[in-house]
Amino acid sequence: MKKLKIVTIGGGSSYTPELIDGFIKRYDELPVTDFYLLDIEEGKEKLEIVGKLAQRMVEEAGIPMNIHLTLDREAALKDADFVTTQLRVGFLDARINDEKIPLKYGVLGQETTGPGGFMKAQRTIPVLLDICKAMEKWCPNAWLINFTNPAGIVTEAITRHSAIKTIGICSGANSMMMDIAKAYDVKKADIYARIIGLNHLIFADKIYVKGDDLTDDFIEKLAVGSANNSLKNIPDIGFTARFARALHMYPISYLKYYFLTREMTETAIRDSEKKGTRGEQTREIEKKLFELYQDPNLNHKPKELEQRGGAWYSDTACSIISSIFNDKKEVHVVNTVNNGTTPDLPDHVTLETNAVIDKNGAHPLAYGRLPVKIRGLIQSVKAYEELTVEAAVTGDYATALLALSINPIVPSAAIAEQILDEYLEVNHAYLPQYKR
Amino acid sequence: MKKLKIVTIGGGSSYTPELIDGFIKRYDELPVTDFYLLDIEEGKEKLEIVGKLAQRMVEEAGIPMNIHLTLDREAALKDADFVTTQLRVGFLDARINDEKIPLKYGVLGQETTGPGGFMKAQRTIPVLLDICKAMEKWCPNAWLINFTNPAGIVTEAITRHSAIKTIGICSGANSMMMDIAKAYDVKKADIYARIIGLNHLIFADKIYVKGDDLTDDFIEKLAVGSANNSLKNIPDIGFTARFARALHMYPISYLKYYFLTREMTETAIRDSEKKGTRGEQTREIEKKLFELYQDPNLNHKPKELEQRGGAWYSDTACSIISSIFNDKKEVHVVNTVNNGTTPDLPDHVTLETNAVIDKNGAHPLAYGRLPVKIRGLIQSVKAYEELTVEAAVTGDYATALLALSINPIVPSAAIAEQILDEYLEVNHAYLPQYKR
Amino acid sequence: MKKLKIVTIGGGSSYTPELIDGFIKRYDELPVTDFYLLDIEEGKEKLEIVGKLAQRMVEEAGIPMNIHLTLDREAALKDADFVTTQLRVGFLDARINDEKIPLKYGVLGQETTGPGGFMKAQRTIPVLLDICKAMEKWCPNAWLINFTNPAGIVTEAITRHSAIKTIGICSGANSMMMDIAKAYDVKKADIYARIIGLNHLIFADKIYVKGDDLTDDFIEKLAVGSANNSLKNIPDIGFTARFARALHMYPISYLKYYFLTREMTETAIRDSEKKGTRGEQTREIEKKLFELYQDPNLNHKPKELEQRGGAWYSDTACSIISSIFNDKKEVHVVNTVNNGTTPDLPDHVTLETNAVIDKNGAHPLAYGRLPVKIRGLIQSVKAYEELTVEAAVTGDYATALLALSINPIVPSAAIAEQILDEYLEVNHAYLPQYKR
Amino acid sequence: MKKLKIVTIGGGSSYTPELIDGFIKRYDELPVTDFYLLDIEEGKEKLEIVGKLAQRMVEEAGIPMNIHLTLDREAALKDADFVTTQLRVGFLDARINDEKIPLKYGVLGQETTGPGGFMKAQRTIPVLLDICKAMEKWCPNAWLINFTNPAGIVTEAITRHSAIKTIGICSGANSMMMDIAKAYDVKKADIYARIIGLNHLIFADKIYVKGDDLTDDFIEKLAVGSANNSLKNIPDIGFTARFARALHMYPISYLKYYFLTREMTETAIRDSEKKGTRGEQTREIEKKLFELYQDPNLNHKPKELEQRGGAWYSDTACSIISSIFNDKKEVHVVNTVNNGTTPDLPDHVTLETNAVIDKNGAHPLAYGRLPVKIRGLIQSVKAYEELTVEAAVTGDYATALLALSINPIVPSAAIAEQILDEYLEVNHAYLPQYKR
C-alpha cells in the first residue's frame, strides 16, 4: 500500500479526537497510513492523553492507520504529505491575557478579530514560519493546512514569507451553510453559498438551495428571526430586522464585533465579570474534556466536544485534504491569495472565498468588484491584517502600534498604545522578534 | 416526465448530426424531451434533410426525444431551457467573400481571427441580438449557449447588449487537451490544462496529466515535434523549437495567424490559388455531407463529418449544458465575462478560460496578472474585439475602420480602409445597421 | 471691458466679507465686473446686511466691481462665469440638531466627518443638484466652485449626477501648509506638501520647504510638539509622540475624529454641556459678526471673522478661480474625480489631492498605491461617502442606514438606526426625497 | 557663486552645439559654472572638435561657463548636478546594421520602434546601467536626464535597475506642439496638448490653443492636410482623411510605423536602395557637420544642424532641467514611471505623458483608462518593451526572441529568430551579457 502521511502540529489539542474521527470516517478516500501527532515538551502530558484516545478510536474502527505520538519535529515532518496545525503559543493563559488586557480599557479583546487576534498573531507567526522552514527541509512538497487562528492573518504570513504550499481553513463558512440547511430542512450538501471577505469577516451574498437562488428568502428569514447563526462562541445579539434587510447578505456571527462593537464590548465586559472571558470558559471545558479523554474505555469522539465550538472543523479539514489528494476539483471556502479575485484588494493578500481545490491547490473563483456596503470594512480590516503580519515578522514597534490603531474595533490610537505596551510586557517570552 | 426543451438555431447546419449524437449519448443525464431545429426560409431544404437524419438517429437510439423541425421562431423558443446557435448569416458564400477580398490585398481573410472574423461579426451580431430579444420575450430564463463564430466577439456582444444568460463555447480547448492526451496515451479526462486568453487565442500555461504538472515535459515534446496540434482547418506550419521553448506555453493553432502572420498569409494565398480558400473547401465538404445525409438508411453520425473540423464541438456543448442542468460545478473552458479574472483586461469584456459551471452559470477561476510574453497580444486583440462589437451594434464607419486597422493581422490602416469598403459593398444586404 | 461674472450662492453668509476681501486683493488678475450675492427669502435680512458691507468694501477699495444682491436665481446665474456655494440648508439650527442627536447616544455628531456630515449631506445634495440643473440652463459653461460641506461628498454628488464642471475646495490643506510655514518661519508660498486622502481626511506624506524634503524633520517637530495644527474648530487633543512618529505623515486635525474617536467623543460631550456644541458656539459668533457688519462705518473685513475658523477659505477660492481663469497650471489641493490617481479607490469617486488647475479644470497628479497604514481608513470612509451620496439622491432608507452604520465613528448599527430615525424625524421638512 | 555642474555623456556627439546653445540662452535661469563633455577613447577626436566649438560659443556669448573636455568618468561625474546622455554604443555603423539586417527579410529596421530599437537597447542598456553605478558612487543625488534612444525603453531599464533619479526626454511632443502652433500661427507657448502613450508612440488627444479646446478643429486640419507633422527623419506618408477623422487624435509621425507598416516597409526598402538607410544618410550629414565644426571661426550653432532632425532637443532638455533646478512645477511631456497614471498599464513601467516637473522630479497627471482605439497598441508595445529591457539586462536568448517576436512591426516569430541570430552575431562585441 502507498504511504499517506499526515502530521498534526499541536497534536495534544483537545480538538484532535474530532480530527481523527473525520479521517476514520473518510478512510476509503483518504487511506492514511501514518498519522503523526507532534507537540512540544510542555504539551507532552496532553499529547499522551489525547494520543491514546486517538489510538483507541482507530483500533475500534478497525483500520490500519498508525497513530504516532512524538515531540521530534524531524521524525514527524520527514516525507509528510499533509501537515495540519492547531497550535496555541502560550496556551490558554496567553489567550486569557489577550482578552483581559483590552477589557481593562473598555476594549474588546476578541481572540481573532480584535486586539486579541493581533497579539495571538505576534506570538504565532514566528512559530509557524519556523515550522515552514522545517518543512522546506524535510517535506518541501507537503501541503500545510492551516487552522491556527487568526487563520487569515497566519495564512497571509505563510504565503508571503515561505515557499511552502498552504491553504488556510476555517469551519465558519460550513457552519453558515449548515444554518441555511437547517432553515430549509435539507442536507448541507444541498446548500451552496457564494462567500466573500476575510477570515471571520465573510458574507454570503448568494444563497442557493439545490441550485435555486433563495437569497431573498433567506434574508427575510434572518430579518424575522426564523433563521439564525449558531456559532456557540459568539454572544447572541441579533441585528435588527431593518439592518438585516438593508445589508441583504448573510454575515458570519463574527461580524457583530464590527457592526455592533459597542453592544459586543458591553456584553464582553459583563460576561467577563459574571462567567469569565471565553478563554477562561474554554479552560474549564478543556479541563473536563481531558478528564473524559483519560477514560481508557472511551474509544470514540465524546459528545461534549461539540460545546468546544469547532463543530465543522474536522469536516472542513478532511474534505479539503481529500479534494487535494484525490484531485477532485470541488469548490470549498478557503483562505488563499487574492491574485485578482477582487480588484478591490491588493493582489498578494489573502481572502476567504469559494475556490476550486485540486492537487495543485486552491483556485479562487473571480468575484469582481466588492459591493460598496461591505467594501470599506473588508479593505480596512485587510490593511490592519497586512500591518499585523509585518509587525509579527519584523517586530517593529511602530508597525505594531499602527496595526492596532487602525483595527476598527479599537476606538483610539492612544488606548491602542497602552494596550500594546501591556501586551508586549506580559508576552515578552514569546516575542523574540521584538527587541526591548 | 419533466419537460427539457432544447432549441438549435441554424438547425439545418451540417453540424447538427454531431450535436444530436452527443445528446443521444448523454440521454441519461440530459433527458431531452423536445429538440427544436429552427432555421430560416432560405435554409428550409437543408433543415429537412438534416432534420430527418436526426429523427432517424433518435429512433435508432430508441429514446423518447422529439425532434421538431420548424421555421417558426416563437414556436421554437417558447419556454425553451437551452438555446444553441450555429448560424451563418449569408451562408458560405459570404464566408468566401470574407476570405477572398483581403487576399486581393495580400492580407489574410481568416474567418475568425482576421478581417473575415470582423466581417462575420458585423453580419452576425445584429441577428444574434435579435434572437436575444425574442428570447427575452419567450424564454427569458433560458441559457443561450453560443457556438457562432467569432464566438468570443459574439458572446461579448450578447453580454453587453442583452439580459439573456449566455456562455460562449468553442471546441478548441478540448481539442488541445485531446492532443495532450494523445501525447501521453491517456484519456482526455486525465488531462487538465489551465487556459487563458481570448477565443481562438488561448494558451495552456499549466498542463496536468492525472494531476501531475507535466508542463515542462509537454513543451519539450512540442519543441521536438513529438506532440502536435491537430486542428484540421489550420495549415500545418510549425513553430521553431527555440520559439516553442521560449514561449513555454501550449498555444492553440490559431495563434500561428498572429505569430507567423507572414508565412500563414503566403500559405493562404497559395492554397487559395491551388485548392480554394477554406470556405470553398468547406462548400465541397458540405455538399458531400448533405448527399450522405439524404440517404434514408443512414441513422447515425457519418464518419465523414469529422473532416469538417469540429471534432469536439458536440462533446463541449453537451457537457457544458449538462453541468448547468445538473448543477455539477465542473470546470470547463468557456467564454465568459472577465469580471476581475485578470486585471490586465477590462472587467466587462469576455475572455476564454477555465470556469466552474453550475446552474447559475460560469464562474471563472481568478488568474491574476497575465505573463508579459502573452499580455500585449491578448490586450491588443481584445481592443480590436471591443471596437468590432461596437461597430456591429452602431454601424459606425469610423469605429469599423479603427477596428480593422488595429487588428494585428492587418498590416496597414490604408489597406484596412480598402478592404472595409469592398466588404461593406458586397455585404450590404446583411448590414442594416450601416447607413449608406 | 470684458465681463467677468461671479455668483455666490448663500451670499448672506457671514463668510462673504472674507470672500469679497479676497477678490478685492486680486482684482488685477481677476477683474470681476459683476459679483452676485444670491440668497433665499429666509436669508434676505442677512443678505442685506452682509451685502451692504460688501458694497462698502468695494467702494473703499476704489475698484469698478458691481455687487448685486438678489433672491432671483435666474438673474444671478444667467451667463455667470464662476458660481461659488456656501449655503447651509436649515441654517445653524439644523446643524445643532446634527450635533446633539448623536451625542444623546454617546456618538460624535461632527458636522463633516461624523453623523452630522451624513445628515448635512442629505439636506444639501438635493439643493445643490437643483442648482446644477439651473446652471445647465442659464450658465452651462460656468464653473461651480463648491465649498459647501461636507465638501468631498457634495462634490462627488455633483460629479456623478450633473454635467456641470466643478471643483470642490476646502481651506484645510492651505491651513496645514501655513502651519508648516510657521514652524520654519517662512512664507506659505515656500511650502509644498504632497497631500492624499478625502476631504477632512487628508495626510501630507511629503513636506517640502523651498523645494527641500523636510518630511522627517517636520514629523519630529510634530512628535515633540514644536509644530502644531491650528484649526480653531477642532479640540486640541494631541497624538502621542510615538504615534506621530509611527504614522510619519502630517494628518489634518480632523483625523483625530478617527484616530482618537473615544477621546474626541468624550470631549464633545463635555464641551456640549459646558459651552455648547460647536454649532451653538458658532451661532453666538455669527450673531456678533452680524452686529459688527451692520455698522455703516465698517468698510473692511473685521478681525473677529478669523475666529469663525475659515482662515484660508478666501485665499483658497480666489487662487483656484484665478488659476482657472488665467489658465495658470498652478498646483493646488482640491477635491476632484480620482480617475486613476490612486488605484486603491474606484475611478469615479472624488478624492482630495494635488492637482494642476487650468482653464480646463483640475488634473490630479498620479499618486499610485496608498500606503497600507492610511489605506484602510481612506477606503472605508470613501465607501461610507458613496452610500451617503446614494442615499441623498435616492432617499432610500436602507442605503441611509448602511451608510451611517459603516461610518467608522459610529460604534453600532443599532445605534445608527436610532440616530437615523431621529434625524429623519426632525429634518423631514428638508428631505423631500425620503418618502415617509 | 554657487557651483552648477552639468555633464554630457557622449559629449562628442554632433548634437552638442545644440545643447550648448540652449544653455547659453538660458544662462540667467541656469547659471552653469561647469559643463563637462565626457566621451570614450574612440570618440576622442570628435570630442576635441565639438568641444572646441562649444568653448568658442561660450566665449562669444561672454558668460563664465567652463567647458571641460574629458575621457575621465570620475572627474566628470564627481559632484555633478545633472547628467545628460546622448551616446551611441557602436556608433553609426551599428545603427546601419540595425537597419539593414531586418530589411534583408523585408522587415523595417527602424532605430527606435522597430527591431533596430530592440538591438540598440541591447547594446545601450548595459552601458547606461554602468553609468548609473558610477553615478551612485560619485554623484548619487544628481539627475540623469536621458535622451539616449530608445528613450522610453532605456528610461524603464534605469528606473527598474538603478536608484539614480531619472527622467527620459524626447523632443517629439514639443515638435508636435510646434506643428500645432504653426497651423494656428501662434507661439509654441500658446499650445498645450494632453499627451498619452509611450516614447515615439504618443497621441495628443486634447489640443488647446491659448486655453481653448481646438481638438476637433485641428483634427479636421489634419484630415484635409492643412496641418502636418514635420519630423524630418520620417518618410512623409500621410494617413487618409477618413482614418485621421476616425482616430480623432494627433499621432506622432512614428505611429506610421505601426498604422502603415506595409507602406513604411516598402518605402524603407526603396529608400535604402536609392539613398541609403536613415543611418547611412546620417553618417553623411554628420561628416559634413564635423567639417563645419572644425572651422575655427565658427562660434555659434550652424544652421545645417537642423537637418539632423533633433530641432526641439535642446529646448526640451534645458527647459526640463530648469524646471527641476528652479522648482518651477511646470508641466512638460516626459518619460517617467506610470505609477497609476493609467490603470491600463502596469504600475512600474514607464510611459510618456504630461507631468509636473519640480525639484523632486516628474509627477505625471492622472490620465485614467486609455481609449480603446489606442489601448491595445500601447499595451502591446509596452509588453515588447518590458521583454526588451529584461533581455538587455539578463542576456537571455529566449527573452530576446520573445521580445522581437511580439514587436508589432515584426510579421513572424520565425523571421524574428533569423534577424536576432544575425544581430547577435554582428553585435557580439557590444553584448557581454549574452553568453555565446
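Should a chain be cited, it is by its letter among A, B, C and D, assigned in written order, with residues numbered from 1 in that chain.
The rule is short, and it goes like this: a residue touches a chain if its C-beta (ideal position, glycine included) is under 8 Å from a C-beta of that chain, and two chains touch if they have at least 3 such contacts.
Keep in mind that what you see is a predicted model, and the values were worked out from it rather than measured.
In this assembly, the chain whose C-alpha centre lies farthest from chain C is B. Separation between the centroids of chain B and chain C, computed from CA atoms only, is 56 Å. Chain centres here are Cα means. That of chain A falls 45 Å from that of chain C. Touching two or more other chains at once are residues 369 of chain D. If you sketch which chains touch which, the chains form one closed loop in which each chain touches exactly two neighbours. Of all possible chain pairs, those that touch are A-B, A-C, B-D, C-D. Chain A meets chain B in the complex at residues 192, 206, 208, 210-213, 327, 329-331, 338-343, 347, 354, 356, 358-360, 363-369.
By the touch criterion given at the top, residues 239-240, 242-243, 245-248, 259-263, 346, 369, 372-373, 375-377, 379-384, 386-387, 390, 397-399, 401-402, 405-406, 408, 411-415, 417 of chain A touch chain C in their complex.
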